[in-house]
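One structure, as structure tokens, below. Some questions next.
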Amino acid sequence: MSIPEATNSLTFSEGDLPLPVLWGCELSAARRSYTFRVPEEWQYEHKLLLCTVCLGANARDECHLLELVPEDGDSRAPVLLATLKPSVTPTVSLFGMELSPPVTFRLRAGSGPLCISGQLKPGKEAGEGEAEQPRHPRSPSRQGTRSRKEQERSTEKMK
Amino acid sequence: MSIPEATNSLTFSEGDLPLPVLWGCELSAARRSYTFRVPEEWQYEHKLLLCTVCLGANARDECHLLELVPEDGDSRAPVLLATLKPSVTPTVSLFGMELSPPVTFRLRAGSGPLCISGQLKPGKEAGEGEAEQPRHPRSPSRQGTRSRKEQERSTEKMK
Amino acid sequence: MSIPEATNSLTFSEGDLPLPVLWGCELSAARRSYTFRVPEEWQYEHKLLLCTVCLGANARDECHLLELVPEDGDSRAPVLLATLKPSVTPTVSLFGMELSPPVTFRLRAGSGPLCISGQLKPGKEAGEGEAEQPRHPRSPSRQGTRSRKEQERSTEKMK
Amino acid sequence: MSIPEATNSLTFSEGDLPLPVLWGCELSAARRSYTFRVPEEWQYEHKLLLCTVCLGANARDECHLLELVPEDGDSRAPVLLATLKPSVTPTVSLFGMELSPPVTFRLRAGSGPLCISGQLKPGKEAGEGEAEQPRHPRSPSRQGTRSRKEQERSTEKMK
Amino acid sequence: MSIPEATNSLTFSEGDLPLPVLWGCELSAARRSYTFRVPEEWQYEHKLLLCTVCLGANARDECHLLELVPEDGDSRAPVLLATLKPSVTPTVSLFGMELSPPVTFRLRAGSGPLCISGQLKPGKEAGEGEAEQPRHPRSPSRQGTRSRKEQERSTEKMK
């Protein structure tokens, strides 16, 4: 797995049964952005459920802005997610936000360290059929249930 | 798509399978209000799930008030959603709020920039039947499940 | 509809299909309490899902206390919901709170303006049967699913 | 019903259909702890869903600590739930916490008033069978669905 | 049960029907980390649902950082969950975070006391089949539903 240990952490299972796994990454002046991709060898699709964003103990008392950046080939503007400042709000809750990897976080302002925590929730096995899904029209799990092949295809279309 | 890039961002898929897509917009003294409409070419109904509201790094230390404005022809008062101030609360969580586009946000006070983030969750295809829905009497997905034609019709009635 | 426009706002549909509708009210020294009742002409039962409480831009820097007041004939004490102060916490999230109208909000302390936002989620048509409900023993939608007639009846009993 | 009006409030229905009911209690130096028990005459089991904790307008600017205390006969330590201070955080959201009465709250530090709000969500009728429940393996409603007799029995075992 | 009473508390039932049980632990300079394991004698799998993190009344006015530490044999970095400071944010909500024990919390910075509250939600009996689960494709309860034996097996694989 190619994710550098210094800037993120993953506690995952490679066993046969998928479990939600803890996820985290750290942004700072030295590394302003980070893209999370589900490792190739994982046999299940995953959603990234964000938990919290918080500032490290040695963060300077300045505004830290966290944004989500669209994928390459997408000309739209980044989306600002949270503004933190050590003396005002050092922790922000992002529970409820579900993202489909790949996902790119960027520190728009501030020198960090700013840490993002989340959980990877397994969907279904790559290539598994969608047959049962239409019975739950409000299922939020549609996000991230497409095989990566399908995602790449539609990303192609969007360029 | 006619949404100006400077004030909002959309990461969406035009593929055949609907995915929740990231959404964001920015309000400021230069652009105090913004109306989000589901693009005509999208074949699915969408709900807008709000995530966070936060202030940009250069926002002045004054009160910023975000409100939702009823559609034209609706004489009711706007609804105040959040009050932010850089030195007090630069980020407010709005997770749990689901809106049916079209939705108009307005900066009632403050000069911004104030950024709203959210996700667009696809409902069902426009024109798809409602036959199965009554089986889920507490389904929140009734919001946004009417075809746009039906919405326009009832908006007509309300005038 | 008899709700004064100055202190509340409703964006609702009178069409044949129920939609969650935005709701808001404003309390101040001039109007310390407000009771929300589902308008007689609405053919569906509704739950009020609270979203946020926030202070207006010109609120004085004093404690603002929002409470819920029991109905007439109920001798119990009001329930304090949130304490806000412009310089400390100008916005409080109340997502997750579902109430059965009629609901009375009161500003116990502070001179406001204090604004409450929420959404009205339609239940089922007044008079519709309860036959299917017992199959979902944990359904939260039991709140507000009784016809108004039934509610009035049991309110009578409580006096 | 023996609950003193000064320190708590309940808006409930004694009718034949259970409704979520508003609940609140107030702790202070004069009354540091409060135990909520479902009244004997209620024919349904109930869960207590916490909403918010907030400080009264005249609370001193000191730390207020709210804890949950295990039942008599349980030797474990109390669990600290929230720390509030008027000048820092006068309101804390506890949405998402579901408790099985009896529940004992205690003000570990601070002189209050500190007010807790919540909702009582009816489960099923006392004595009702559990036959259907195993079909929903993730149902959170297992908490509080045992008849009080069963609870007393297992409490006996724990001593 | 070997969990020391001074640093954690558990209100649980040893009866035949699983109930969500309150859970708490306290970290400080004297005890910087704590690992929660489901006691051997419990016949059900459990998920730990976090509620809040808060600082004790006598915590020094310095940054307190709470992190989750991967299990032994997992070389990845810890994940920072929350940053608290008595004068800024003495309580942080972590509702929505579900963890599969064993779980290790560590106080990365600050001298505490820092208290974590949560609830243990029973899954199914150890050894119980997975046969019914596939009918709920979006069930989050997959986490923690494996028997401990299976978990140990896959942990072995990961080393």
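Letters A, B, C, D and E name the chains as they come in the text, with residue numbers starting at 1 for each one.
Basically, a contact is a pair of C-beta atoms (placed from the backbone, for glycine too) under 8 Å apart; a residue touches a chain by one contact, two chains touch by 3 or more.
These figures come from a predicted structure and were not determined experimentally.
Listed by label, the chains touching subunit A and subunit C alike are B. Between subunit B and subunit E, the least number of touch steps comes to 2.
Between subunit B and subunit D, the superposing rotation on Cα atoms measures out at 145°, rounded to the nearest 5.
Taking each chain's centre as the average of its CA atoms, subunit A and subunit E sit 22 Å apart.
One finds 36 Å separating the Cα centroids of subunit C and subunit E. For subunit B, residues that reach two or more other chains under the stated contact definition are 88-89, 93, 95-96, 140. Contact ring, oriented from subunit A toward subunit E: the chain order is A, E, D, C, B.
Those residues of subunit C that touch subunit D in the shared complex are 63, 65, 68, 70-71, 74-85, 88-89, 92-100, 108-110, 130, 135, 137-138, 140, 142-144, 146, 150, 153-154, 157-158. Residues of subunit E touching subunit D in their complex: 5-6, 8-11, 13-20, 22-24, 26, 51-52, 54-57, 86-91, 93, 95-96, 115, 117, 119, 121-124, 132-133, 136, 139-141, 145.
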